[in-house]
């Protein structure tokens, strides 16, 4: 289990004066899909934080192919790759009317409550392999 | 000392497809002015929180008279009224090219770290009277 | 037809360092519910704009009773009142776990493409009465 | 003239429940610095749009080294590279207390009002070489 497709309806507030979704909004869409993915993996993000595991974003990249517009229904596909060391990478493709409009990725650092990098816990790795 | 005028340059990301600043942005401008006001009152908000005093917004109101646009320089006037009981009210007027374009207010509850309402501390009242 | 209940899952990006949804986010939730309401009324907002009818917010008010937190599922109830003159008022109650946590309202001005106030079109009034 | 350093004070609304600036905010800081850079280059972005020249972001990347926090004053350095074909790249470094905390880049497509890619106009290239 390492993949999800999450639907989002574009909000008016997310548009800019070019009449399209502002580019800073897509990282928030990535995050919403990532949160749903982790819920589906039985690793809900709010419980991880309560257990003292944080996953701050240390790298972000996005390619904007076509714009989404107000009212569009977009599908955010998120795929989590196997963690490497203290890091995990998630890749995203956003579709609108069947077409890929944005591609991106985030890299996260497994971080303990003391703010130091840590190995991914076993329950995390197990959830990914299920 | 209970008043400030704080200048803000409208960001592109703050516009919407109507070509104007989205109405949900002005409460953020109110907040930016409020933070500067409290800094000027020698009550910097981050230090209040470290001391265990929080000021969550419990009421918000805004009247939108004219729109601001990308690149506009707006002046946010914020005036803190004397606290009443466990609450304090701040009133705002946003000016653009000398004209009032938005008027608003926020009401805040003095809240202790245990999440309960509390009386405004003496240092807060003294700062307001200076 | 003048009422809807719209579900929203709180995003991580919508929280602030108090660990709760930032107060400026609720007007965006109001808007999302309003957009769904108008879709249900067969008055989709994007088509109204294409027809040259705009509904800028001219007044906003909100009372914050309890905070919502990351991951919460909130239900935004929106009720459109009968237009009065060139204005229409929508009232909102946000529920979380069955409890009302935010109440608010927006007032909108019917505005033509020339940026002047106008009477609500008949198709708008008819949709509201259906 | 192809470089600027632009100061930004972190807003409360820009923090998240980790107590740090949410990662989706930095692209907005990049944009604010880019806008100031273009103003300084005598290419104010709002006037470019009025002339029918748009510069949508087609690529974004960011590396998050250290977090910024509420109230921090950050300095956003933006450097515009010479356009290549129909694209221009801008690189950013955000400093907080003298330390680089975020590095990033955006790539923009010169786009005409008809929504098609176009060569950068001479006045743009001249401004960059001055």
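Order of writing sets the chain letters: A, B, C and D. Residues in each chain are counted from 1.
As a working rule, a residue touches a chain if its C-beta (ideal position, glycine included) is under 8 Å from a C-beta of that chain, and two chains touch if they have at least 3 such contacts.
What you are looking at is a predicted structure, and each value in this text was computed from that prediction instead of being measured.
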Listed chain pair B-C, A-B or B-D that repeats interface C-D [over half of contact pairs the same by residue number]: A-B
Between A-B and A-D, the pair joined by more C-beta contacts: A-D
Whole-Å separation of chain centres (CA-atom averages), chain A against chain C: 27
Averaged-CA centre spacing for the pair chain D and chain A, given as whole angstrom: 23
Length of the line joining the C-alpha centres of chain A and chain B, rounded to whole Å: 33
Residues of chain C whose C-beta touches two or more other chains: 12-13, 17-18, 20, 24, 28, 31, 69-70
Residue numbers on chain C that touch chain D, as the complex places them: 12-13, 15-20, 22, 24, 69-70
Complex interface listing, chain A residues touching chain C: 9, 11-13, 28, 31-32, 35, 44-46, 69-71
Chain C residues within the chain B interface of the complex: 17-18, 20, 23-25, 27-28, 31, 49, 54, 56-65, 67
